[in-house]
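The structure under discussion appears below in the form of structure tokens.
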Amino acid sequence: MTPILSISDATKRYNTPDGNVITALDNVSLVVEQNEFVTLLGPSGCGKTTLLRTISGFEDLETGSIQIDGSTVTHLPAHKRPVNTVFQKYALFPHMSISKNVAYSLEVSGVSKSQITTRVGKMLELVGLEGFENRKVNQLSGGQQQRVALARSLIAQPKILLLDEPLSALDKNLRHKMQQELKTLQEEIGIAFVFVTHDQEEALTMSDRIVVLSDGKIQQLGTPEDIYRRPENEFVARFVGEGNLFDGEVTQSTTKGASVTLTTGQKTVVSQSGLKKGDKVKLLARPEDVLIGKSSNTKDITFNGTVDHVNFIGAEYQILAKSKDGTSIKATFRPDVEQRDQIAGVGSDIRLYVPKEALHVITKEKVI
Amino acid sequence: MASLETNERRRRVILLGLLTPPTIFLAIFFLAPLAIMVIYSWLEPGLYGGVIWNFYDLNYGRILGWADSKYEKFDLVYLIIFLKSVRLALTTVFISLIICYPAAFWISRMSEGKKNLFLFLITLPFFVSLILRLFAWVLILRPTGFLNQALLGLGIITEPLHIIFTDVAVIIGMTYIFIPFMFLPLYASIEKLDLSLMEASADLGATQFQTFRRVIFPLTLPGIIGGSIIVFIPALGNFIVPSVLGGAKVMMIGNLIEQQFLSARNWPFGSALGMIVMASVLLLLIYYVKIMAREDQMTSAPAVKEVS
Amino acid sequence: MKKHKFAKAALAAVIGLAIPTLAAAEEKLHLYNWGDYINPKVLTKFTEETGIKVSLDTYGTNEEMLAKIQAGASGYDIVFPSVHMHDIMSQLNLLEKTEIGSSPNFKNIDTQFIRASTDPKAEYCLPYAWGNVGIVYNKNKVKEITGWADMFKLAAGGEKIILLDDPRETIAIGHILNGTSVNSTDEAEVVAAAKVIKDNLKNVSAFSYDSIPLVTSGDVAAAHWYVGANIFVQQNPDVLGYIIPKEGATMYQEDMCVLKKAPNKANAKKFMEFYLKPEIAALNVEQQMNGTPNIPAQKLIPKSISGNESIYPPADILSKLQIFVDLGQDLKLYNREWTSIKTAQ
């Protein structure tokens, strides 16, 4: 099956008013399969919105090409591309009723009136807005406007739906609800979604695959688990989720793994292969992998210190501990019923450890 | 309770204090002259200007059809002059709209500094006397003027164009002086136009023309109507441009009214003519207010809030 | 006498020279005159001699002046109405008796210039200046021109002409060509006079007061204008010419009158007495290049002016000049015909 979207070697630069050149996209290549939910994730200015806009046709590529469903669209104007966009602030037409908004793409392409009426009806039903046909945009809540925007961009049956941070204007509860709805909707109608966000949690929840971008380059492309558990560089590790990074040096390397000595002097082993003796590396441990107590394995990383901070966030506790030499470590716990009263207070001594299996080796800082 | 009442009373006194000066101002400078016009239009003209305090309906009779004496005779000519003025004013509105609409788009997309410079340039002519600027146009448009010399020099024409003292000169002059009035309301509505709406339209498959017709035009319509009315009203009553650039051969209703108040010394007839103009302008304004009310309803900020 | 209606009417020149030796209580005089219708040197000289400070405001038409005075404009002492306006103002009881006619120097005034029917003994106003309304033309465009018929012939031949934007002056051309009185109130005669203008309308390029620059540049071949055109003829003798049409023309005369509400009546009378002096009247004519009713003054003015027949015409031409009188109600006939001239295509 041909991929629905294939971008190769896309490059795009901007001149800033003060005479500098910014590279928004630097040799980006990306393939999106049919029915896939792909998220472009990164901090602001990373190029994710530019990438989306080159797909929709609002930005022209300097070099590289874009194919949609097998045909090249690199220099096709926006209105001729078989994709539709849900804009960040929805960009609904304020002078039109809801049904007129939804019908817009059908009307400009000359679909018959009766067909428009049926398709608009079906679409509004799909997004749960039956009965709102004659309302004006400003009579709807944010969530409802979001649904109108979805209906409007889906009615012409695009091959890909592009979503530019569509949930950022919603409050947290509604955002969670809409995340679910979007994911369900995507599975239901079975087209590819390319979704832009800076919210890593949102990306992890919804995506089949995530593209992490920074400085116009793809830092990592993979499933949510890949991105979270096995970040390829320090940037991804720090940007997605929280983590503890320990500096160390490879002392011995075999085909089965490697021995690493941390700057604190502790020795541990990791299962990654291909490392070389003398490599400077970082070991990533996610806070939920940091355990309380004394380790029985000498290769686990242990940590003795005092509790600096305790945050209660409902289901779990976050603890920030500091050792005597000034290094700190983050840990999260989900204590069961009996343990709840035994959570260490601020200032008390604490012993923590990370099982060696939970360690992930990072050798690179970032793709540059 | 007592203190609440005092507060309420104090609030009323303050409100009264704040509203009284503008009300008096409006009454003196707007309503009183209007009332004088209305009353005078129903009085007998004094022989040497002024009025004689007798009820007299022949001022309107001369315009609308029931006057028939040696001195007060109905003549279709007054309505013809009025209609001609409407035609010239509408042409002025149309041309200034054609010029200002793209210009407003262009300027609204500039950087902040340039924008302010251009807005300043557009209002710059106001710093020079209107009469002076119109006489400058006489120099430009006359047969030996700059325009004809330039065209002759470039070989575009072989005979000087006779523009001065024609309808065309009047339209050029009025368009020139009213362009800022068209530009500013247009600019206001174009500048607040959300660019993402145009992208959304293109994204949904609309061509540029469709985007203009279905999105840009309806959203800037209040500006278009506002600018048109603000140009139309003073253009309709203008008498300086037709007398300087039209050589008084082009007569508009404003010239007729001026003539009644000065050389004809017939204030009531001038007032009656003025009332006819005012009535038609009033109708236009009522229409405008309706449009504006519609716009308010349309563009009040979309609420991005959910009650889930 | 009408001049740049818009441009000049808007200018208000204030002339005044403080005399250092003068006592603290300042004497004042406020004139309300046509634009450019008095030599500023006359005012300076008056201040030098009497110590009275003079201010000057200007207007563009008799009607404008009347409307302002009627509307209650106060502070003015002296106005300069045309003869028919002098009559109107007398009837409206706006003028103050000055007994200027009894002044010893009044013997200088040629009595034929005491024209206002309401003031036969010059008890109110002093005849100030007079002139005629003829044709100014561009010598490069026009070889020879002797009258109104020539001017219309010129226009029919493709040259441009401008007539004054004044109902009575312009319809008067029709009266003169038809041989009827410029003060006719006979409806048929007025209609016939207006028809003369309408018949030639196609070739009239404008009705305007601002025709001198256009005649000078050659954009317009000839224009209906005042004797004051001689000022420009003098500056540009190779290009401009001015004639009194042979068929006859209108003439105008303004009188110097004191307002009933004048705040400085004594000073106003002093100014009138001052202006009776031949050398003062001559000083004014030197710059204004128009006619003065002051007989000894005529001997003092330069030959180039007194010998100019378009300013001081010989008796036979003078007898063909008609002066406007107030028409009362019948002014409406003229206004009606004027509107129809303006809308005839």
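As written, the chains take the letters A, B and C, and residue 1 is the first residue of each chain.
Just so it is clear, contacts are C-beta pairs under 8 Å (C-beta built on N, C-alpha and C of every residue); 3 or more make two chains touch, one makes a residue touch a chain.
Every value quoted in this text rests on a predicted model; they were computed, and no experiment measured them.
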Common touching chains of chain C and chain B: none
Far-end chain from chain C, centres as C-alpha averages: A
Most central chain, Cα average position: B
Inter-centroid spacing, chain C versus chain B (mean Cα positions, whole Å): 37
Centre-of-Cα separation between chain B and chain A, whole angstrom: 56
Distance between the centres, which are taken as Cα means, of chain C and chain A, whole angstrom: 90
In the complex with chain B, residue positions of chain A that touch it: 17, 56-58, 77-80, 83-85, 87-89, 91-95, 104-105, 107-109, 136-138, 140-145, 152-153, 156, 169-171, 173-174, 177
List of chain B residues in touch with chain C within their complex: 47-50, 70-73, 75, 77-78, 80-81, 131, 135, 138, 142-145, 162, 164-165, 240, 243-244, 246-249, 251, 255-256, 259-266
Chain B - residues contacting chain A, complex: 111, 194, 196-197, 199-207, 210, 214-215, 218-219, 297-308
Contact footprint of chain B on chain C as seen in their complex: 6-7, 10, 61, 63-64, 66-67, 70, 88, 91-92, 160, 162, 165-167, 187, 204-208, 210, 213-214, 217-219, 328-329, 331-333, 335-336, 338-340, 342-343
